[in-house]
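Below you'll find the structure I mean.
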Amino acid sequence: MKDIQNLPDFRKINIKKVGVKHISYPITVLDKENTTQKTVATVNMYVNLPHHFKGTHMSRFVEILNRVHGAINLKNFHTILSGMKEKLQAQAAHIEIEFPYFLKKNQDGQTATVEYICRMHGSLHDSDDLVMELRVPIAAPSPIPAAAGLPKSLGNWGVAAVQFRFRRFVWIEDLIRLIESVTCHNLSWPEQTGGQEELSVEGLTRDLGRKLRDHPDIRGFKVNIKNYAPGGNTFAELEADFTRPILQTGA
Amino acid sequence: MKDIQNLPDFRKINIKKVGVKHISYPITVLDKENTTQKTVATVNMYVNLPHHFKGTHMSRFVEILNRVHGAINLKNFHTILSGMKEKLQAQAAHIEIEFPYFLKKNQDGQTATVEYICRMHGSLHDSDDLVMELRVPIAAPSPIPAAAGLPKSLGNWGVAAVQFRFRRFVWIEDLIRLIESVTCHNLSWPEQTGGQEELSVEGLTRDLGRKLRDHPDIRGFKVNIKNYAPGGNTFAELEADFTRPILQTGA
Amino acid sequence: MKDIQNLPDFRKINIKKVGVKHISYPITVLDKENTTQKTVATVNMYVNLPHHFKGTHMSRFVEILNRVHGAINLKNFHTILSGMKEKLQAQAAHIEIEFPYFLKKNQDGQTATVEYICRMHGSLHDSDDLVMELRVPIAAPSPIPAAAGLPKSLGNWGVAAVQFRFRRFVWIEDLIRLIESVTCHNLSWPEQTGGQEELSVEGLTRDLGRKLRDHPDIRGFKVNIKNYAPGGNTFAELEADFTRPILQTGA
Amino acid sequence: MKDIQNLPDFRKINIKKVGVKHISYPITVLDKENTTQKTVATVNMYVNLPHHFKGTHMSRFVEILNRVHGAINLKNFHTILSGMKEKLQAQAAHIEIEFPYFLKKNQDGQTATVEYICRMHGSLHDSDDLVMELRVPIAAPSPIPAAAGLPKSLGNWGVAAVQFRFRRFVWIEDLIRLIESVTCHNLSWPEQTGGQEELSVEGLTRDLGRKLRDHPDIRGFKVNIKNYAPGGNTFAELEADFTRPILQTGA
């Protein structure tokens, strides 16, 4: 045990972060099909502060949000973050937003409006960094061939939460389709058991990892697959090149 | 359109209910296997007040809870409610509690501790009334026979929420087993399609209704079956003799 | 105890309600300032079914929502509900929606975008019925006069949840302003104690009740005021003419 | 832009974590006043896996929890974690639990049972590591002197979330009292404004940081103070010596 009498007395008590959380705000995001889409976000904004800073105001953060009229996308993240750094005289600025993103899909001859939860965390210190997360629900697999007496839904199997860092712009729609190309599947059972691995959290995690690894516009990623079960969930997680790049000179 | 000038001006502005909500409180409930079980409840307590009443205090409600040392069960609900009526000079008293109830089950040679959400709403006006609700999760059905390559969990199919009024005391364990005798099922597929109706919210709701109708200790009930699906849930609901009995002379 | 052997054996097991819950859907609502406002709703839709009905599909409900392109307001509720009754051959149809409604306010020389939770429950049996609920946050009262050293926020005091039935159309903005004219207040303390009653759940509930009672366009209402406190909340509730009108011949 | 054709093709797709989440489980924790306290926890357990691992089962994790009969405390975390490492042949094991902890307090001559949310994250790689987090609610400050007409509660001001690493065992009660010695305060207003700084998130964060820095049994800590406001919260955060110690040879 260290002699605590000899602890350095300069253990500094500086505020590291200051900001606002859980602001509900209507936003406009980019949409491949319709150019833009209006939705509602929960927003966190905060800055890293130097030692001597005194006091912060929610209104200073919200004012910056007002300036862009809620248009939040990969393109003006930099503008928002620069505004925060400048206005609050900070070394680093962060904005986190979470919102439902809607995609129209054709299901059984009907148009269904499907919701996906999207999160973005943009930060600006010496350089920009942006992480996007998509949460894509995974339906319970249906047996093949579909028999007459089959129920309408076999329930929720789980959810895929995937975080990305990009090399260049990718549409949210394309990312969702990429994930669903792995997570939407039927259960070829009992004749074939080749499909079994895809139904475990480990199997789906690896399959999705392999798919993302080969995408030219994705710099790094983190995959978390969760399987619901009454009484608890199982999960598996992997990541590839997901550490924040240092000494980056622009996004 | 009525002439609002002629509305009676004695539209009374009396407080109808006053009380406390969302108090977290450790409680002891009855347990068939182990006599009692300690758990944590969220408690609401409120009274109907006469016109002239002035002011209420959270401490008055909590004091009554302290008196019984958190022992909350069908037997001392009456004591708690009488205490509330008397202490707050009220015409009617209500207590609502919600808590996780744990049941040990043998699953694949292992002991699993399974959680069920239980709610009780006791009220005392001229006579006592008690409604209990149990929420029993429904797992996604597994194909039969279980093949080697089957996943560990096919996810969550849905949930059964059942409300009861009783004729006489019934153990929570026995109610859970009764519900699960209907909701736990395998999917005999594709050879047999006889089981198909049980997999619809309507089918399960009716099957469970028939089962409860025949139970001698259950006075009335309400069944709500929900089936999860990515993007929304479907549900069906029925009730039988569930209106609060009037002019009852004791529980 | 009744002799249960003699219970009528025709205790019917009929589905009472069937439908969909927790559908997330982008909607457009009416906005006094900007004509319309886009937001995101959680939608429940269900019907009361006759005995002989067999099976329901989520898509049948969602199709009706798609038809109006998410335009949901007091004016087309009737259209949606009629569509549900007809399409599902039901006796009664219900739609419940909950959404954040945003209002721009001037606070300390800044534009703040404030969120209010709005719920609507429309139903159509023989006649239409519509209940709207608004949840308006109540800030902790600031002492008067505001001293130099005062904190930026004294926290959240509580929330007012008000349900309305209307005689004629009223803007959401006007309802919010009406509620806030009662719930926004400062604490004239300690010199004056006249303001004390407004700071109790009972006082605020009565004050708001009196205000709503005098509004010509409000047919009936229910007021619930909650005061947060660490460890639980206190609340008071009143209602006036809030029972659903019977034999109404149109909204 | 890097030439992606030349990316190393050995970008590995290995599972990094596998385990169970959100298991609800009744536990027993240490309690200074009563030796032990029974409560209900939400449990996550996971391991870091080597490349060649195949498949995991929720039951393997739960079995380890069953072995200690839900007795979870600083003393047997090591036993649980070793069991996980061994049983799952893992390099590192983690257990996260969150539970309400109850403390009896004397408030206005009454015994109040106050709830605090407690989280523990224990991990075992080469050495043990344990982080405890306590969430302590902060009531809105009351004016001094308390006048006759004062409301019962001025609402919730915010919450203090404090994470700790310890040098030696500290009782949860003592940590709560330490935090509340800073966060419970009255508003000496308007005569004195000396108390003003304590009412800002920055002031409270610094005050609490100074207090914790001087505690001999606390190795490192992170303080996050949140102030609720209608429409969003403000927060400030600091940490001291909170990086996980490397090459530690025992807790």
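Should a chain be cited, it is by its letter among A, B, C and D, assigned in written order, with residues numbered from 1 in that chain.
Operating definition for what follows: a residue touches a chain if its C-beta (ideal position, glycine included) is under 8 Å from a C-beta of that chain, and two chains touch if they have at least 3 such contacts.
None of the values given here were measured: they were computed from a predicted structure.
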Farthest-lying chain, centroid of Cα atoms versus that of chain B: A
Of C-D and A-C, whichever chain pair has more C-beta contact pairs: C-D
Computed distance of Cα centres, chain C from chain B, in Å: 24
Centre-to-centre distance between chain D and chain C (centres being mean Cα positions), rounded to whole Å: 36
Distance between chain centroids, defined by C-alpha means - chain A, chain C (Å): 32
Per-residue overlap in chain B, given as positions that touch at least 2 other chains: 24, 58, 62, 112-113, 115, 152-153, 200, 229, 231, 234
List of chain A residues in touch with chain C within their complex: 24-26, 37-40, 57-59, 62-63, 66, 100, 102, 107-108, 110-113, 115, 152-153
Complex contact set, residues of chain D against chain C: 112-115, 137-141, 143, 145, 147-158, 187, 189-190, 193-196, 199-200, 227-231, 234
Contact set on chain C toward chain B in their complex: 1-2, 4, 11-24, 46, 53-56, 58, 62, 167-168, 200-202, 205-206, 209-210, 213, 216, 226, 229, 231-241
